[in-house]
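Mind looking over this structure? Questions follow.
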Amino acid sequence: MSYQNPVFIPGPTNMPETLRKACDMGTIDHRSPVFGKILHPCLDGVRKVLKSEQAKVFIFPSTGTGGWETALTNTLSAGDGILAARNGMFSHRWIDMCQRHGLDVTIIDTPWGQGLPADRYEEVLKADTGHRIKAVLATHNETATGVKSDIAAVRRALDAANHPALLFVDGVSSIASMDFRMDEWGVDVAVTGSQKGFMLPPGLAIVGFSQKAIAATMTGTLPRTFFDIRDMTKGYDANAYPYTPPVGLMNGLKLSLDMLLEEGLENVFARHHRIAEGVRRAVSAWGLELCAVSPDLYSDTVSAVRTPDGFNATDIVTRAASEYGMAFGVGLGDVAGKVFRIGHLGSLTDAMMLSGLATAEMVMVDLGLDIKLGSGVAAAQDYYRHGSGTAAKAAA
Amino acid sequence: MSYQNPVFIPGPTNMPETLRKACDMGTIDHRSPVFGKILHPCLDGVRKVLKSEQAKVFIFPSTGTGGWETALTNTLSAGDGILAARNGMFSHRWIDMCQRHGLDVTIIDTPWGQGLPADRYEEVLKADTGHRIKAVLATHNETATGVKSDIAAVRRALDAANHPALLFVDGVSSIASMDFRMDEWGVDVAVTGSQKGFMLPPGLAIVGFSQKAIAATMTGTLPRTFFDIRDMTKGYDANAYPYTPPVGLMNGLKLSLDMLLEEGLENVFARHHRIAEGVRRAVSAWGLELCAVSPDLYSDTVSAVRTPDGFNATDIVTRAASEYGMAFGVGLGDVAGKVFRIGHLGSLTDAMMLSGLATAEMVMVDLGLDIKLGSGVAAAQDYYRHGSGTAAKAAA
Amino acid sequence: MSYQNPVFIPGPTNMPETLRKACDMGTIDHRSPVFGKILHPCLDGVRKVLKSEQAKVFIFPSTGTGGWETALTNTLSAGDGILAARNGMFSHRWIDMCQRHGLDVTIIDTPWGQGLPADRYEEVLKADTGHRIKAVLATHNETATGVKSDIAAVRRALDAANHPALLFVDGVSSIASMDFRMDEWGVDVAVTGSQKGFMLPPGLAIVGFSQKAIAATMTGTLPRTFFDIRDMTKGYDANAYPYTPPVGLMNGLKLSLDMLLEEGLENVFARHHRIAEGVRRAVSAWGLELCAVSPDLYSDTVSAVRTPDGFNATDIVTRAASEYGMAFGVGLGDVAGKVFRIGHLGSLTDAMMLSGLATAEMVMVDLGLDIKLGSGVAAAQDYYRHGSGTAAKAAA
Amino acid sequence: MSYQNPVFIPGPTNMPETLRKACDMGTIDHRSPVFGKILHPCLDGVRKVLKSEQAKVFIFPSTGTGGWETALTNTLSAGDGILAARNGMFSHRWIDMCQRHGLDVTIIDTPWGQGLPADRYEEVLKADTGHRIKAVLATHNETATGVKSDIAAVRRALDAANHPALLFVDGVSSIASMDFRMDEWGVDVAVTGSQKGFMLPPGLAIVGFSQKAIAATMTGTLPRTFFDIRDMTKGYDANAYPYTPPVGLMNGLKLSLDMLLEEGLENVFARHHRIAEGVRRAVSAWGLELCAVSPDLYSDTVSAVRTPDGFNATDIVTRAASEYGMAFGVGLGDVAGKVFRIGHLGSLTDAMMLSGLATAEMVMVDLGLDIKLGSGVAAAQDYYRHGSGTAAKAAA
């Protein structure tokens, strides 16, 4: 009698049944031509989702964290300089990885809830006249705070400084859900995973390398084998992998890409925006505020909701799970206990989202918060509903 | 991007994934002992759900309609008298079947929305001093109107008339969701299907025969082969079927029974009641009324909601499907266009139900009904929520 | 560690995984337009498999036995004359059904292993100058004996007698595996099920009615409701069913039809013939004989293999199941203990068939039969193998 | 009409349907207690399969190659000495990985087809009086040659030299299929994956660390983050992962472990041995030889079969796939074109194996090899069959 409710964690997402069935595949010979018919559509489709003409795409049996490591170890050498802003748990972790790999990170500490400060990036890059900095890290969507940053602005910072550093972007919780423009933004390595916008189980690190990033692999001396894109490149050219590929998950990815591209990326993004905006209206109706400090930063995949001082936001997540069988996300790191997170990405309908909002309301009332039952739901309904609903009017 | 929302038709229901996986079974030899390990737990488990010690259970690859035909053709002969009240589409159809099989039906026409009139049954039975009436039909839960009738009262009518007629009960939309007491109520044939309280795909007619009903199969002369329980009996005794059994569905039924009995029938009924009561509170908050005319008749599996005069209730169902991808039930027969139906049986959570109520509200507002968004949801939330919610207080 | 081997019972067959996934479908509203997109392709596709331009197809949640009952009860009246030959268990059972429905059957008893005697049909029909006989039954493929009969010859018998009786054909174990020509052979009702040539789970009776058979439904007075094609017709016209349709199974049927028609019916038949011929070569190499008495009668879907006198053929089936986890078919009725049956229909490859033959050999040697291990396998391999294998030469 | 045949590649293996269904799991919150109920049974069960009391088990979303990298990067520092024998493609690749990570490998080149030379290990270790060598690599089962080596003998070599180096064992194609004794053999890191003996899809690196290996993680300075067992340890203690865990695959692993331990490891090994021995009898009947040069080296999970000089063994694999839809393994590296490989591990029955042997025979005859159809099958049947079959006599 369980596992029936949708989940509202910020990934892994709810999965369409067709994708689950595509992943649940019998064993094939991954050294046979059949595998090529799964591999190449995956590579091509991801490139389209990245909005890139020139990127080389690599798919590892791993996770987004492995994707970060792929970016670093293929292009950099011990002691290389890195520039990164830290505005949440995931940007923090990528920085930590750099340090553990012997890279020298210049950290721009940024209050959680704010976006990446492009102006600060520009200052540091301009000051780095010796080009000690080899790569700039940017987290497109901070899953911990629900903050979407302006990657084009980071690119402009690099350009303004006329700095040759590579631009690495963590798009784990944005790619395939929110607009991402690898070529236009001059992204050198884009990192994502299977379990967010692609609506698949976890298990794939999906990365795109620009030609410039690929060139850097010739000089990078950090040790690497599992994540070495040179072996991958050699394999792909022969329809193969340097080790056993995750065939079923890739078969799911192939279908996911078909679905996304058939729906149209802009429609996918609009759908995410619409559902997210309904959530934001609900939050506002509850009299609560988002962690993200201004509307331009609002993420369309996850909302981190601040709860009143003295209230432990994690209680909401715990109680939703134990009493109502529904999963939300806890606050992490600096905002642990201060926010709870509502994931609203991937395979989701208005009706499913409303069940999440309605459940959150019950939990908050149970816990004594001054929330009116139905208030957030009504605000979201008013936005979602067709006819003369707000979203419809906005779209008109 | 579809098929994600739960359904709110009054069956087939939402299915637990474990049951779907149990049904999705590879081919086995249905003449091997393995089949017996599926068959007999099904028969035993259904008997428990029927609350019978003595019934023989039969499972046909068919539907509830086939179950009705099983009841009639195994026990009756052309020209036999039948007594039945007609208070909805499903009681109507069973009567029609009797007539097509050459049975002579005394019909007690009853306004749709009312329950079976036990006093009228008693009158007719007392008047039938020659015992021309061989069977009494009773629809436990009229799926068309959301009306639950009092089967014990029908039994008392038979007893008061000291009448030997068999009592056949249609429990298609009640059994395994609402209390059903085959032995205590003296039911001679109980009929149900796989796709309601058992939360399975359609495809099984499930019937229980009392010893008295089995005895009647010796004298009944209506032609029958596919639905002949004598062949079934002979087969079951040898772990077999007279034809190819629906092994996968039966494997699902076996697991469904395990789940229901492990949860406890009374808990299953209480769960249905709780979810149903939340729906009724929402209906009331909308200012609407149920088709069922009094609280003692309210069904815990389906609510038929009357819409205002001049409004076509079917528009709600049509628009919910086309605009929101959600399925409700239309009104049938006498109440077509006057009611829409909300199914709330089978595999369902409070959160899922709230998504149905929230969607119904959006549709009704879209269509110009004077409904306040969030109002029904709030009423249901207030009932559903734990802590000091109404249901919790009621349970305390 | 079980259920891994293919099955070699004469149905239900091994199922392609894609079909199982199509059947394993979440709940949809069967009263919505979505259902029509499953229903009508099923009806159209079956018509093509029947090689009919004019037939009306009906699909019941039932089995082939229910299909037989559909044929009889829709077109006939109590006391009507029937002509049928009995040459196996399944022709026997259909005759028995006729008798239980009050029909008056003229039985042409025919030794099991022989085909339907068209000359005897002709004699009886010519003698029936009063046209007391309303329907002629013909079992296209006797699953019990592995005998395929000549339906065109039965039609010629009717024509030679200039007799107006309807021709009902049981094609349960032939249709979609062996050539079947409803229009060309003048078949009035064709009966099959989901679990044989369609490679689906059991649970569907699939019938085709000629216009002449449909006309007969106006006069037939046998009682019927569940199997009444008038209700079905009315339903189909409105994209609906008179009761809850087996949506998942029908979704599987839709895909099965796509697969069969894409492969091409003649290719499907040739595939069945090729696999069957390999089995027959193996049987011959074992020094055993088929129940079917002459090559023109050999069924391409099932082979009934005679074992030596004094040997209980059923022991083979029992031991194969208990020791090797493999399912073959026992002998039924008159040939119980005298034959075991190898099903070779539906979703099957040469390699799978060879595993069945190899296992049968081990079992027979275990049981003391004078069989050389590998002998039957080698004979089948020689036929199956490409290059200059016999089947390849035959096809060339 | 495809994907029906079993595969005979040396992994990924044929998968039991129950495991596939366990992997095909809806999304749960991996930060909730539910995840701990999957994680810990996996860790405990793997420890039992490794026959270790003291090992710490780690499970990464990766492959066996990632497991190798886990072993190296957690315990070693750039420039550390490694001792390894190279007797096949997989030992070669692990050595290559060492070199790419800046380790200094002493390579004992060994002809492909031979086992690891424990005596040579001992010589080198005795000569390394300065203990420059920090780790010894040993490939338990060379998947490329079908050679099983004696790990206990390698341990004795270490002990005879009284050398403190760590012992790392690649058990990717042995663990859970052949006897593996982590504690008894003094293995410090054991590496395997999900797609071989565990009968799951690829996607998991599964490693066991001895306490001595864990101690070495304090001093090892190779950069690592994704594969860092310190993060994993911290995570596991909190029922969590340092990144998104592959929940579905782990749910499958949990069930796989239950199945293996219920069957009993010794029974699992005996089953693999029996099936493998049948294959070897078939190879012998064909007049061919294994790549493995002596019976003590014969692998029970994969047989590499040498074909006659001048014949391209890869043609067998190509033709089996294109003409018969069956997958075998090609020769790799030094033995490319000289051998083809028959995988016989994981979820397999005698009957399935016979279908592989029968198909291989057809292919070889097609290609002009002097093989008698049925000969290998007969030899395997004679071994497999019960009653007085050879395997039965051997077991008696």
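Going by the order they are written in, the chains are A, B, C and D; count residues from 1 in each one.
By definition in this document, a contact is a pair of C-beta atoms (placed from the backbone, for glycine too) under 8 Å apart; a residue touches a chain by one contact, two chains touch by 3 or more.
The shown structure was predicted, so the numbers you read here are calculated from the model rather than taken from an experiment.
Within the contact network of the assembly, the step distance from subunit A to subunit C comes to 1. Seen from the Cα centre of subunit A, the chain whose own Cα centre is farthest off is C.
Two copies of one chain, subunit B and subunit C, touch each other, and the residues they use overlap strongly: the shared fraction of interface numbers exceeds half. The geometric centre of subunit A is 46 Å away from that of subunit B, both derived from CA atoms. A straight line joining the Cα centres of subunit A and subunit D is 35 Å long. Counting partner chains per residue, subunit B has residues 3, 14, 17, 26 touching two or more of them. Of all residues in subunit A, those touching subunit B in their complex are 1, 3-5, 14, 16-17, 259, 263, 271, 323-326, 347-352, 354-356, 358-359, 361-362, 365-367, 372-375, 377-379, 381-382, 384-387, 389. Taken together, the subunit B residues at the contact with subunit D in this complex read 17, 21, 26.
For subunit D in complex with subunit A, the residues that touch the partner chain are 3, 7, 9, 11-15, 20-21, 23-32, 61-66, 68-69, 73, 78, 96-97, 100-102, 193, 195, 201-203, 222-228, 242-249, 321, 327, 329-330.
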